[in-house]
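Shared between the two complexes below is chain A, which pairs with chain B and chain C, respectively.
Here is the complex of A and B:
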């Protein structure tokens, strides 16, 4: 039986998110719990803190993989809602936490929490991914996360004058690479066959991936589906 | 009363090489399950052909590494932002006339996006991996994964596919629409494992003396933390307490590998952070990694074996100068170091000009006259700009630079 605010809620007497009902929080938790991978990622928690000692985000933010594993193991619905709305985007996804002696995978739990958050259109996740849409556009259409033409001074000012130098020389530098698959390509990491990209678009539609994009950013979804459908119709 | 374990006792125990026994490993290896699935006709298990070698993994299972006949699953981060990484891997293959494919029927694993945004799902990620593996299988070449994240991501997806029939069925349904079978290679191989396997042969062809160089090693998280049992460990390297790849290569090439206390820490990449929240990335890369390396080892170079680590550790150093932090350590991959040692052109092959942190002092310490090769490369660029040359090809890049053999 899931723990409720009535029967167990240590240290969390105050409901930090009254805007969401308990039933809604429980629904989200059950969506996480029903994920195929959930039982592979959580076996319980010794509260030893080894995961925290290895976690880069714990050094930088008020973030704890131990708390995530504990809240999940106790099925603390209220605390899990705090985590899904406040913590998950701080995780660096390095998986240093998997040195857990109980074989827990807090980083993997965060992955599921993020997915559920996006599928349910939580505003906190939309806020965390502001500015990231152009990357999703690139990876879904080109099959590459990054490309040379993304290296612009306004996007990477903290990388110093190198970025300016690069963007001025991008076209010629890209031709000066001996690999056939890369040479001259600036809008993707490498040259990808059209057939390959059509297969990728098929995966995005058939796997339900596009439904997640729709919840995250409807205008991005419209843009992507227009381009992909047109390409798929041309065959 | 239990006798306390002294620090000296712990150090003494750790000074001996670790004996591995795969039969008592704390994790469950799934290679036998792959054979069962193959026997049931659920998957095609792609096997290596040609020259194959074996090395021990963390808990003692022997892992096969193909030396040749490989399909190079490229990294978007390498090819997009540090192309000398990818070209060095292929240049090394070409030096030994090893048969390979540089495919265009390949997408990235899309794992960077998944770890950054969560904007995908288990089925989508497994289908992307399976499509790429099917594409490799169609060519008859065995996949070699360039990216550490792709390697870790694919290892984890392989586990999920093995353990969850519903996931296999769903991925198979999607692959059917493309006319592709569900293929899983008998091993998921990272290029740095191939570099590790080839290190003696690199040593035989070494042209550049690296004995003046002190280097630190950053082992890539997604190489050895995800599905930890499937990474190469060697009792002779760190007593088998850390992965052997990268370090074994550097030691073989005569580099002085120096230790530092935060070797286990990640680089600060963060996937989402490096793209849209770099305050975390910069701080972590500089304060926990680069500055610690300088304080404890003062290296000429730091070497790693993954896309994000090279980018993060290299590009994060510029902004830290404004805060008077200790920075200025150039960052390379193991493949780039190996290629450089064998006389790869610093710009046509290793592509130093894509790296930000000043690499000139490092090349000078190696007695490589970088200005001469930079001028030569500028000549190439002038020809490309003038339209008299379409680009640099392997014909321009294959021949090692003229250095005295050591």
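Here is the complex of A and C:
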């Protein structure tokens, strides 16, 4: 069941997910802990709060990268289950938090937590990504889905007040930068060449990304694999 | 008659270092020790490892004692106590009792190195029940267990699986009257937590604290390794009470940085007791007429505050934890300074 304002229960972590057993929560935690990136992402936390002060999501949501680092460092299995089912989807993955003086990477921990959530088909990950089917479809098939002109500053308040100013004069700014790479791609998504695209398809199959999508949305998976397999066969 | 000799009261780390330095600087020292052996509190309270290169405390104290007993310019008197004193800087007459016999010493300067004692947790204002529950112990109790490599729950003789430290017991507490920080307990608790994890690798160790005061290299040498390598859990929040629950101890407190009240059960709870002036420090202050501060420690610092071994009496100096909470580095550094200052003082009078 997705968490909504109606069923949100800020009581004890252990009471919040009565449907999941401790063993299940611990299994998910160990999957995160055993990720090869884990020991580079987490050393120890002395709760200084620098990651929270730098975190744009923390200003808008009930989200704290510190609590994530702390809960992981303490190996607090109950709290981590809270985090994997709720908190991680409020992270913008901007990695402002990597300025941690202990050299932790809370954003990286969120990355691992999200992957574990997806791989294990947690309902919360499906809910969180429900609105993104189209984005996933475009990115996976085309290697790209955004053209610079699609970026609406109003949608990204955490980019700060300068964005308005920049976006108003975007064409002028671009003309001021004589960069070949920007030519012809300001109003259309970047075209990924066929060789790169086929490599991407291969990587997505080999790296387990397609398995994650299958767990997330089976019909989307079918749609994607039909096209990809056909392209890969043609070579 | 003026004398060039320096009397050192107390045979712990700072007394030993004072005696060694006086002798090495070409002076003559008399060191008197109440017990029948040297080594002070680290020896008497069975300290396990020191934070200095993780050295065995007994070995380190034996080295310090040997440097004194092997020096012909130091006379050591055991089972000796000061009974009275008269005179002034350069010419003190000190009445002592050594091994049951009264003696009179003529010395030019005195160094007080009578140290501290650990806070008695029976006086704690929180409900930690040290004297009611056998599995509630102190840092010193645990130090002895670690030294013997036999960490067990006193209640049943089994190895504890979950152990918690409670910091600032008897320190930073207006209700008790000890508003000061005892300075070493954060480092010692963390050191012990590491030793616990080494001796009992299956154990879970938590430290409940107000602030972790891991100054200087303790941060990287003790605190970070405790967290990162030994997986010791630090929780910011003071525990208000320790209760019995079945054969476990129930702790109540707040997990402040997670914003939630907390109740956890433990097999063993270690109270990080702070420092208070020793009975010897209190008694000698009265006998020698040196000023004590409101906590009973000897007031040091001199008129300008930057004279850390000066007492209110000329010719009488203080070293180590007799003047306030101090770690071994502080104690030994002050001991060397006190030795230099004492010798300079007698030489000035003799000249």
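Rule of thumb we're sticking to: the second predicted complex is superposed on the first by the 178 of 235 C-alpha atoms of A that agree within 3 Å, B and C clash if a C-alpha of one lies under 4 Å from a C-alpha of the other, contacts with A are read in each partner's own complex, and residues count from 1 in each chain.
Rule of thumb we're sticking to: contacts are C-beta pairs under 8 Å (C-beta built on N, C-alpha and C of every residue); 3 or more make two chains touch, one makes a residue touch a chain.
Keep in mind the model is a prediction, meaning the values are calculated, not measured.
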{"item": "Touched partner set for A:43, first chain B, second chain C, both or neither", "value": "second"}
{"item": "Partner chain in contact with A:202 - chain B first, chain C second, else both or neither", "value": "first"}
{"item": "Touched partner set for A:75, first chain B, second chain C, both or neither", "value": "second"}
{"item": "Winner by number of chain A residues touched, once chain B and chain C are compared", "value": "B"}
{"item": "Which of chain B and chain C A:25 touches, first, second, both or neither", "value": "neither"}
{"item": "Partner chain(s) touched by A:135 [first = chain B, second = chain C, both, neither]", "value": "first"}
{"item": "Which of chain B and chain C A:66 touches, first, second, both or neither", "value": "second"}
{"item": "Residue ranges of chain A touching chain C (in the complex, touch as defined)", "value": "12, 43-47, 66-67, 70-71, 73-75, 79, 102"}
{"item": "Chain A residues touching chain B - in the complex, by the definition given at the top", "value": "35-37, 40, 54, 56-57, 59-61, 89, 92-96, 98-99, 103, 108, 111, 114-115, 117-118, 125, 128-132, 135-136, 139, 143-148, 150-151, 156, 158-160, 162, 166, 169, 172-173, 175-184, 188-193, 195-197, 199-200, 202-204, 206-209, 212-213, 216"}
{"item": "Of all residues in chain C, those that touch chain A in their complex", "value": "212, 223-224, 227-228, 231, 233-236, 257-258, 260"}
{"item": "In the complex, chain B residues that touch chain A", "value": "26-27, 74-81, 83, 86-87, 90-91, 102-108, 110, 112-124, 127-128, 131, 135, 152, 156, 159-160, 163-164, 166-167, 170, 173-174, 177-178, 180, 221-222, 225-226, 228, 264-266, 268-273, 275-276, 278, 280, 282-284, 288, 315, 318-319, 347-349, 351, 353-354, 356, 377, 380-381, 384-385, 390-394, 396-397"}
